[in-house]
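Please go over the structures that come below.
In the two complexes below, chain A is the common chain; its partner is chain B in one and chain C in the other.
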Partner chain A sequence: MTRGVRLIVLALGGAGLAALLVAACLDLPGFGGTWHPYGDRAVEASLSRRTANAIASVNFDQRAFDTLGEMSILFASVVGTVVLLRQTRDEKRGKPEPEEVALPVRRYALIVLPVAVLSGLYVIAHGQLSPGGGFQGGVVAATALHLLYLGADYRALERVRPVGLFEVGDALAASAYVVTGLAAVLAGTAFLANTLLPYGTFNTLASGGTVPLLNAAIGMEVACAAVVLLARFLDQAVEIEKENGER
Partner chain B sequence: MDEPLIVVVLLLVAASATAAVAVRDPVHQALVLAVLGVALALLFTVLQAPDVGLSQLAVGSVLTPLLLMLSVHRVRRREKGRKGKAR
Partner chain C sequence: MTVLPYLVAVWIFLIGCYGLATSRNLIHAVGCLAVCQSATYVLLLAVGYRDGGTAPVYSDIKPGSRPVVDPVVQALTLTDVVVGATVTALLLALVMQVSKRHGTVDPDELRELRG
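Our next item is the complex of A and B:
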């Protein structure tokens, strides 16, 4: 295909996309407004199952199967990263040397670290009640752990973060989600249907049936996945070198 | 609805997104991306979607820039090693 033909194809495709987008946007309901048919139904369904956070109800109850797909995407990307960024035969592990950390940075990191980890765990635990949930809290808790790398050094981080355990945790949490879904099948309803557990009292930690369980599984999966991802990237950035000294 | 607030945050998002494209150095780009993440998180919060705002804050302004910077560091380290060997 010559350059001219390619440009014509590109222009045709672009023009078609632009026309469709404009046509679709012209048909959209106005910004804001009070007519929310999907929202009303989702809130009604979440209240009937005593889940205070309607978003958590959509994620882990009404659309729990979608969340399974999203979790699989993250899991697959972690597996891919682990395979691609492994230490190959012609690479060796160098000893990263500790560097001087400015005192304010060290103080800040060591003070904020426990607060950030706790906030992450809080966001996971209250996913069914308040904004947030397993995904958000998991990322916060996992990245907060890496403040130790800022405040101390790489070896301190490696000591509190055995990557092998987190890899196992990632797989366990992913299977826990599927097993909770299968439990519903064994109980005689559909995969991931929220009919297994009592719905509990509205706005308490144990309310919402299987929502807190699935939320916790996602929290653990995401936290472990983020730790493993960052560990592999950090390994490449800090430790792994070519055998012949070439980095 | 607080329309002026939405307009201000939208402009903020547009400005930081344009900056993220205009900046050429990958390290600076990662930093601008973190700012864009915060701006987007603000936008979602103003539009009453705190759940999405939280995800945006955690992933868009922390995790993605961090992964980008680690990758850039890795590539630069390798380039430096090659140059050192050639000398």
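Our next item is the complex of A and C:
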């Protein structure tokens, strides 16, 4: 198919799809309306289980099983990336060279690094109370570590980031989620049902039953997954080169 | 205009499709796929919006004192973002392998399959 023909086919299909989508939009309930039956019930259920963050309650209590699926997608994609970006037979691993870093960059990266890691852990720990949670905090904590790559060099990053340990952490966190779900089964209710722990006092760290536990498991899983993913891509960019020396 | 946010989502989706179909670089195509996916974030959040609503988080507002937006679609958007990020990571890994094996990232030059 030449480019011209492809553009004509695209224009026809796009116009049809646009017409259908616009027709569908005109039939949706108006933007900003007051009719949200699922939202109202989710908020009610969240408050009855003393979880201040209704979104965390939806993710880790009402739809905890879907979050298990989501976590498996993340896990599978990490495994897939590790397999795809492995070192092949015609490649060798070069030693990363020490790099010069401008002094202000080095200074600010190293000042911000501990603050950023702490913010990530804070966001994970307060997932059931304030906006954020395991997914967001995990990404913040994992990317914060990589400030070391900006502020120092790749060898410094490799020293604080043993990839093997993070791979084990990823698998452990994923199984912790499943084990928490199975504990509910052993206690005589449904898989991942939030009946195991007392709901606690509203708006305190230990509220919401199993929500903080599942949230922490997801936080660890996401942080480890992000570190492993970034490590694979950085390895390709910095370390792995062809036999003849080119990257 | 109470349908404008929905139409914005439609426009983002279609512009992403246009980019995918006319792309001459696989990394650009992965970016276009991410644009398509971000249309679903806009659509989901628009569906859940309530006039004058705030975030459905009760750590600093009293329950029942203010209208809140729909937490279900917000959780769905979070799922969407996570899945989008993993798909992007996997596709970029595939692009790296394609570039190593075939020496090009132009989809038009990748006509025949090679073992």
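Quick notes
Rule of thumb we're sticking to: the second predicted complex is superposed on the first by the 226 of 247 C-alpha atoms of A that agree within 3 Å, B and C clash if a C-alpha of one lies under 4 Å from a C-alpha of the other, contacts with A are read in each partner's own complex, and residues count from 1 in each chain.
Definition applied: a residue touches a chain if its C-beta (ideal position, glycine included) is under 8 Å from a C-beta of that chain, and two chains touch if they have at least 3 such contacts.
Since the structure is predicted, the reported quantities are computational estimates derived from the model, not experimental observations.
In the superposition on chain A, A:233 contacts both chain B and chain C. Note on chain A: of its two partners chain C and chain B, the one contacting more of its residues is C. Judged by the touch definition given at the top, the superposed model places A:123 against chain B, while chain C stays out of reach.
Of the two partner chains placed by superposition, only chain C is touched by A:74; chain B is not. Look at A:55: by the touch rule set out above, it reaches both chain B and chain C.
Looking at the shared chain after the overlay, A:32 reaches both chain B and chain C.
When both complexes are overlaid on chain A, the residue A:63 reaches chain C alone and has no touch with chain B. Of the two partner chains, chain B and chain C are each touched by A:131.
Touch criterion met: A:140 reaches chain B, while chain C stays clear of it.
Shared interface residues of chain A (contacting chain B in one complex, chain C in the other): 32, 53, 55, 131, 135, 229, 233, 236.
By the touch criterion given at the top, residues 2-7, 10, 13-14, 17-18, 21-22, 46-51, 55-59, 63, 67-75, 78-79, 81-83, 86-87, 89-90, 92-94, 96-97 of chain C touch chain A in their complex. Interface of chain B with chain A (complex): residues 1, 50-51, 53-55, 57-59, 62-63, 66-67, 70-71, 73-74, 77-78, 80-82, 85. Only residues 32, 53, 55, 123, 131-133, 135-136, 139-140, 143, 146, 226, 229-230, 233-234, 236-237, 241-242, 245-247 of chain A touch chain B when the two sit together in their complex. On the chain A side of its complex with chain C, the touching residues are 3, 6-7, 10, 14, 17-18, 21-22, 25-26, 28-34, 36, 38-39, 42-43, 46-47, 52-55, 57-59, 63, 66-67, 70, 73-74, 77-78, 80-81, 84-85, 129-131, 135, 202-203, 222, 229, 232-233, 236.
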